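Same chain, two partners: chain A is paired with chain B first, then with chain C.
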Partner chain A sequence: MSTAPVLSVRGLSKYYRVKGTRVDALAGIDLDIRRGETMAIVGESGSGKTTLGNLILGLERASAGQVIFEGAPLQMRRSSALRRRIQVVQQNPFSTLNPKRTVRATIELPLRAYKMVSRDRYRARVGELLDIVGMSSTHMNRYPAALSGGQRQRVALARALASEPEIIVLDEPTSALDVSVQARVLALLVELQRTFDLTYIFITHDLSVVRNIARRVSVMYRGRVVESGPTESVFAAPRHRYTSMLLSSIPVVSDAELAVKPSWTWDPGAIEGQGLHSDGCPFAPRCPHAVDACWSDVPELESLETAHLAACHRPAGSS
Partner chain B sequence: MALLETTDLHVRFELFEGMSHVLNGVNLKVERGERVAVVGESGCGKSLTARAVLGLLRHTNAQIDGSVRFDGSELLSLSERGWRSIRGRRIGMIFQDPTAALNPTFTVGDQLFKVIIRGGRARTKRRAREIAREALRHTAIADPDRVLNAYPFQLSGGLAQRVLITMALVNEPELVLADEPGSALDVTVQEQTLRLMRALGDELGAAVLIITHNLGVVREFAQRVYVMYAGSIVEEADVDTLFHAPRHPYTRALLEAVPRLTGEMLPQPIEGVVPDYTAAPVGCRFHPRCPHAQPACQEPPPVVDLGGGHRVACVLPEAAP
Partner chain C sequence: MRRLFRSRAWYKFSRSWLSVAGLATILVIALVTVVAPLIAPFPEHVGIFVDFRNTEQPPGWLYFFGTDDNGRDIFTRVLYAYRVSFAVGLLVLAIAVPVGVILGLLAGYYGGLVDTVIMRTTDVFLALPPLVLAMAIMGYLQPSLFNIMLAISVMWWPWYTRLIYNLTRSLRHEGYVQAAKVSGASDLHILLKEILPNCVPSLLTKMAFDMSFVILMIAALGFVGLGMQPPTPDLGRMVAEGVRFMPFDWWMSVFPGLAILILVLAFNLFGDGLRDMLDVDV
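After this line comes the complex of A and B, so read on.
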């Protein structure tokens, strides 16, 4: 594994105008993703994690900043050769597959579009791809309606793999699935990554999944990265208060997990931030540790130890 | 006498493909003031059980057998009129997606006042507003009037969820039926929802029957739990026992499929799928997916009582972990 990042994001921002006021969906994100690793992007709804994925994929135009792929900036409009190399698997397998296309037609499309194999090889290649994701060729002529959620997500994966990408953006790939099926899809993702040296950008709200699949994690809140670091370190010793709150709210099933969850004093009133606005840290309205500086100055993402960063004026562990 | 008790509850649907026998003899009990969970994968009949209990299958082609008793009286033979004095009054409901459960064309207030007036707590809208205000304050909503005057789309998911909790509890029901409460919301809001339901339930002495697919939610919220698979209860126990000494192979498999926050093991998939109910497996419905299956599993499994309210429907309740 090389140390130079395969994909970098620098100062990436996305603003929307809503009734004349500017809404920052993404407010200056910096990220480095190395080849062959799984980088998890975690956050609640509205944190900007899907917007980040869309900008990396070129589905939306950035307001500022850059996505840099192998040293060169990526534009929103990009050549088919570039598009081929970064693919996506989205959340809801019930809406991301065209219901009027058979499994074969769905997986054939990228083969045609990117001219991956010659025409007479399409069918055989679709069969191979289905085999790779653990389905059989007998599914080829089925429509999505005849498939279970887990099978649909496998088809979506086969479609992404058809163009032999280097990076796959996985946007909540298992959150519509039952745990028993989720476990199978996660195992498949791990196996595929090893086989094809894939780089995953794993977008999710589920921290338990992150712990099991990602080497590094970035926690987002209201369009900013508030904490970033090796998964083990972030889970063992979260620094940003938002990360602690997120970890403490996960319902867990074992005593061992209960023991590692940070404690959090719940204030029912603070959960929504009471509609308060902060010019500084976006989490200040919900944070029981907020001081004046948190309301006025945006904390920068600082290095606490090697590679483990937090953007907080009063990080945990500092008293 | 239990507050709610279903006995040998069967629900069948006549489909083009044949008879779909979904609920296959469900026995469950909720005592007064108790928090009970029903847990299982999607398609295992959890929500159908809730709908049968609430009498919401009456105008469908469902064929219902067995008994559902609430405070001693049979619900299955209740008239629509009889239901009106129970639903929303003695049994409150909380559904999964709070924004979908509210009518988008009326203000929150209009909907809440109607519940209060129908429940007999107030005769006038003015009095209903007072009660609503007080109840919303109880769920830590600082400015109840803003919420009452808002349309559902103007509320965040967390606020809408609290409105629904208020709606379910405002008439001080004896039982609250919550179907995946908060699972459409962020995890921090879900946590908040569960805490609130627990606190308010305790305060009113209301029993809560929660339907969920999330074992973590079960552990943090419930006192007792029923594990459901393919329309049958396969194991029941108090929460402590279930998580420390699960006996049914399905319960164990489900627990092993949950990704752990400690990351000590990769979650283990359960092979196979929930069966098609028009051709459900004979005997134990889990046996085609069960690693311990044996010939005896072709027969309906015995319900083995392990003491302390721990029951398991399996021929091999002692199967090695």
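After this line comes the complex of A and C, so read on.
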């Protein structure tokens, strides 16, 4: 398991210019993803999770830093052979499929573009792929309008699998689905990972999903990784205050669940502090434990135990 | 055909009887113009023809719309003038739409310098009043069918570039466009197979409305004498020439004028129906 990472991200940054001011969507993040694992990327809206996915997929150009795939840097402009190996399932089932194209045309596109099978096998292969994601060949000539949200995500997954990728970026693949459909899609993802030896980068804001599917988790806040480690360790003993806050905000229904939840003292001032700018830790304006250093120095991502990292001047459990 | 009438789209279109009336009118006029040589009562009146015994006859059973100062049947001439209006309208769109669509797709998709060059060029064209520009071109060239078409097309493509540019700008961020890139699609595939099909509803609707504008424009050019040259019948010129005989020989101007009104109105109503059916903004 602990071989060299299949995909590494080093100092990856993305700036946007909005009316003359610089907005950092990603402010220099590092990640290592090992072959065959599921790495969850967790964060709230605007934390840069989707930007990270787009940079890995080559849909946007990085402002600084690198994505390294199997030891070689991966550019935005990449060969079709490289592009094929990292695929995506997007968040919104209503925009991920072209309303004017049939299921068959959608899934056939990567087969054609990457020359996956010979021309006379397209139809048969589309049928196989639909079967793999739990749909039938009768859906082949349907338009997306005739499919449910769950079915659309399955078609999107079939399209991703058509390229026979090694890595799939799952950008909140279930967040727009009903809970019952969500569970089935997640089960399918786990099964496919085993069958095809896939590596997942699972972008989500839903922590309960993370616990079920990911071996490791990285928590992002305002374009930085603030905490990273094995899922059990991060969930059981969160070190960064932001992670604590996230975990404490999972709704629970039983005392048993409540017992394992980190406590969080809400500071009313924290909400007001959201708009404030911090030169140091990005979370300082919302953090009840912030000290002067938090406002001035950016905390480094440091190892607290083996494999469990946090970027915090005053991590939980240390003082 | 049965499938069309049972489809959801037709249902939405047919809910407004005015749109259906517009479509029916267009179809009837189109049919009439196609078979004009067979049904026109006096086909010989289209060209150079003088009948001094029957000049300025009021509308009646022999001459439905009356005759002009040369004794020519106005009904026959209106039918033939419709042919010209229709043909020029369709040809203008056949030139302006492909040019506008291609430039709009390129500018919207690639952005940067391509965007700047193409869109600033459209700004220059759109800043000039279309009729004035067309008149300038027509004044410089010989008035002929081909030149009228050319002059109107030159001012018309920028509207399509604008329309497609704006659509492309928003569609290129759609999930399926991004997904197509990840699926290894070429730019050509993305432009023609992913983006363009989603522009078609807006495009069709705009084309329906533009048919009426182009027909009006041809009439306006004809009215000021820069349209089709005599003896070819031209609705605008017929209105202009009839004005001299107003108000006593009113039919010379009124019937060609009504003919313009009906065709323009029909295309507008049809465009309204399409817009509601396809649920687009133009």
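General remarks:
By definition in this document, the second predicted complex is superposed on the first by the 312 of 319 C-alpha atoms of A that agree within 3 Å, B and C clash if a C-alpha of one lies under 4 Å from a C-alpha of the other, contacts with A are read in each partner's own complex, and residues count from 1 in each chain.
What we mean here is this: contacts are C-beta pairs under 8 Å (C-beta built on N, C-alpha and C of every residue); 3 or more make two chains touch, one makes a residue touch a chain.
On a predicted model such as this, the values are computed, not experimentally measured, just so you know.
Of the two partner chains placed around the shared chain by superposition, chain B is the only one that A:Val253 touches, whereas chain C remains out of contact. Once the two complexes are laid over each other on the shared chain, residue contacts for A:Asp178 go to chain B alone; chain C is not touched.
Within the superposed three-chain model, A:Lys100 lies in touch with chain C and out of touch with chain B [touch as defined at top].
The partner of chain A that touches more of its residues, comparing chain B with chain C, is B. Contacts of A:Ala64 after superposition: neither chain B nor chain C is touched. Of the two partner chains placed by the overlay, neither chain B nor chain C lies in contact with A:Ala293.
In the superposition on chain A, A:Asn92 makes contact with chain C only, not with chain B. Taken together, the two complexes place no residue of chain A in contact with both chain B and chain C.
Touching chain A in their complex are the following residues of chain C: 174-176, 178-186, 189, 193-194, 197-198, 200. Listing the residues of chain B that touch chain A in their complex gives 41-42, 139-140, 142, 156-159, 186-192, 194-196, 213-217, 219-221, 243, 253-255, 257-264, 266-270, 273. Residue ranges on chain A touching chain B, taken from their complex, read 44-45, 148, 178-184, 186-187, 190, 205-209, 211-212, 231-232, 235, 245-254, 256-257, 260-261, 266, 268-269, 271-272, 274. Across the complex, chain C is touched by residues 54, 57-59, 80, 83-84, 86-88, 90-92, 95-101, 106, 109-110, 113-114, 156, 159, 162-163 of chain A.
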